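Below are two complexes that have chain A in common, paired first with chain B and then with chain C.
So, the complex of A and B:
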């Protein structure tokens, strides 16, 4: 049943460019990128129980490194992608090492402070980042000769990365290591007594989250062909957190649904509603009030109740 | 053969409060040791020092000849130290099987695997089911911890502790909060634990505890004040003064 539903959803996602206009295809690409980003944060927030307000730094850092290497050094896309992902993940290792000195509110504030350093650098280190003008003129790659400037091909490219990322994240969270991550979230003291190195488990989770954040950053900069310091702002980090909480933290599909919802409100509804930010806030308040554990867990519970009624 | 536990001149203070004072203790392999003392005597703190959750200010702790004084808490489980808690700390949103399997995973190298999916038919789950059977909870294996009674949760605690095949088991008030019938069930489970596992138990239920222990240590303000067999300790004037109250 679950497999069939997954296959149907994947088939639907693949088919979108065959009957949709370019606007919707591009919106689809953005939704998938946002879903990868939210899913990466979900590793930390949902499974690790570590709420971060600085996750956008990995998206931004990966995007900036890519933009800088392509436009300033003229490096190829393959080299650039490897360097951007590696460098961002290394930064995730360092930030994780610092931020995991604390948990709870302390962790939240440390992640925020660390991301603000890079946000400030992006604005002020003009010789490297072009400051408030951002970096433009980034080209999209052409893997195996496929021109990704075509929105259809770019969508499918993003879809492949999205499916691969979600598959890997799914394997991680269902693996023994994933079970350990959840254990550290629920009973860290007990986990230590059981022989788990709680700090190391959290650090690895942090690094994994930063890696998938970097993957989203790479796709983000390919899509927009432009990068601006605002991607690393607290607003970007909070938006990703909103996707995770609204969709359902600690579930695989929750952040994806949350990201889809936020991107639709941000891109589509904003065309009709002037104060869409207010609408986004109202939707979030509604979800928190009526579906406190998020859309996915709420829907799963409703389906279970309906099933029980008919059995 | 080395002693199961050797503690020498252990000290711990929280600010100006000395919770463990120059405490020395030796427990032989296979022994059943009872630790008693009034509230605030430092019994649970001593357990936390042995399990590594609290780092001692000075002194040494060895388990079966291995000095673990400076070992991080998570590594102590790997040398055979297992403990239960006075306040139950299980994973309430998970099933009984999951709780026990997780405990076994803690001392397994398999825990770092990110590739293989942990499935219900894994060896870990099969063993977890066997352990739950031993504590009489096989029929509740797939229920959530939050759905079972307090007494059953205590039995899961024991299954978890035993799942790690410990050489030194620290039981912190395993009978606390249980009804008379549940006490008998849990007491029998503890008595059935093989002698290869050395047990140190903190317990206030003297009827059950005294019948279980071979040697009793009395703590008072973090110091060991009396130690010996049952009759010696119970009849000792210091025990009567600080603990039995008559």
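So, the complex of A and C:
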């Protein structure tokens, strides 16, 4: 049942470019990128129980490194991608080491402070980052000669990476290691007593999350061919967190659905009103107050209730 | 020499403002375990409210008083109407304050527009003072003096009054404090109003230095967080000292290596966190 449903959804996602206009295909690419990003954050927030408010720094860092290497050094795409992913993951190791000195609110404040520092850096280190002008003139790669400037091919390219990322993430969370992550979230003291190294498990989760964040950053900069400091702002970190929380933290599908909804909302609303930030804030407060476990668990509960009624 | 002296004074003034901002944050965090992410936005709102009052022809003193009052009321409403519903859910509370911070910041953008609103230094403080053969802008000295006075007043409030004793009891052990009959509910609202009011006061006092502009909130919040992480939660003295440390590092960083000022900020925080996760003077592990 679950397998068939997954296959149907995948088939649907693959088929979208055949009957959709350019606008919707591009929106689809953006939704998939946001979904990878939200799923990476979900590893930390949902499974690890560590609410990070600075996840955008990994997306931004990998995007900036890519942009910088391509435009300033003229490196090829393959090298650039490897360097950007490695460097960002190493940064994640360092940040994780710092931020995991604390848990709970201290962790949240540390991740926020760390990401704000890099946001400030992106704005002010003009010689490296072009400051408020951002870096433009980034090209898309053409793996195996496929021209990704075509929005259809780019969508499929993103979809392949999306499916691969989600597959790997699902393997991780269903592995014994994934179960131990949840253990550190629910019962950290008992986990310690059982001989698990709680700190190390959290740190590895942090590094994994930063790696997948970097993957999303790579796709992000390929999509926009442009990068601006706002990608590292607290607003982007908060958006990603909203995707996770609204969709349902600690579930595989939750953050994906959350990311789809947030991207649709953002695209439609920004077409009509300028007040995206106010709406984002209001949705945040609403979700926290009225739907704390997120949309997916909430819907699953409703479906279960309706089913019970019929049986 | 003149430049160094001025930079030193700038650092002290920034440190004073940071103390106003972060002492409120630290008070709220210490007592209620809420990381109030609206704090930067309240600082900015304070600057805007003060600017509006001054534009209506009132003096700095009236502006400061009204900013403090308005922001205190906003803080009280946030605590009563929203955070109160999320008691026992620290993650929900911090996310709600994050959402509110966006709403407040966007509200400021709607009402006051995207251009910076200049806030003039009050006439009586516009003069420069000179001693030791150096001249200083007087207003920075005034900020330093005011923040020291507020620091002392807060210290006296916490250490010498009944209210302060109740707050300290709540910080140390909330459950015991409730058990001995301390009215925690009122205490929370009072402390939240006080903390928010201090942020509002910081906003208007910092006005002549920063002006009121969109994005002021995002510039100030990380500084407040770094101060609190450095100084340690639950220690007013720690917050005071850390404010000036951050003030110095940031001012000199901006002056000497403007590109990397933000990175230099991050170093003392990393060093302190690495060796003493409770912060310099903190007793409570965040």
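Just so we're on the same page, the second predicted complex is superposed on the first by the 288 of 311 C-alpha atoms of A that agree within 3 Å, B and C clash if a C-alpha of one lies under 4 Å from a C-alpha of the other, contacts with A are read in each partner's own complex, and residues count from 1 in each chain.
Just so we're on the same page, a contact is a pair of C-beta atoms (placed from the backbone, for glycine too) under 8 Å apart; a residue touches a chain by one contact, two chains touch by 3 or more.
Just so we're clear, the structure is a prediction, and the values are computed from it rather than from any experiment.
Engineer: Can A:117 be said to touch chain B (first), chain C (second), both, or neither?
Structural biologist: second
Engineer: Of chain B and chain C, which one contacts the greater number of residues in chain A?
Structural biologist: Looking at chain B versus chain C, the one contacting more residues of chain A is C.
Engineer: For A:87 in the superposed arrangement: first (chain B), second (chain C), both or neither?
Structural biologist: neither
Engineer: For A:233, is the partner it touches chain B (first), chain C (second), both, or none of the two (neither)?
Structural biologist: The second partner, chain C, only.
Engineer: Contact-wise, after the overlay, does A:186 reach chain B, chain C, both or neither (first, second, both, neither)?
Structural biologist: first
Engineer: Which bits of chain B are touching chain A when the two form their complex?
Structural biologist: Those residues of chain B that touch chain A are 51-53, 72-75, 77-78, 82-83, 85, 89-94, 98, 102-103, 105-108, 110-118, 160, 164.
Engineer: Write out the stretch or stretches of chain A touching chain B in their complex.
Structural biologist: 171-172, 174-180, 183, 186-187, 189-198
Engineer: Which residues of chain C touch chain A in their complex?
Structural biologist: 29, 33, 35, 37, 82, 85-86, 89-92, 94-96, 98-103, 105-107, 109-110, 218-219, 221-222, 225-226, 228-229, 258-263, 265-266, 269-270, 273-274, 277, 285-286
Engineer: For chain A, which residues are in contact with chain C within the complex?
Structural biologist: Touching chain C: residues 51, 53, 98, 101-102, 104-106, 108-110, 112-114, 116-121, 124-128, 233-235, 238, 241, 245, 275, 277-278, 280-285, 288-289, 292 of chain A.
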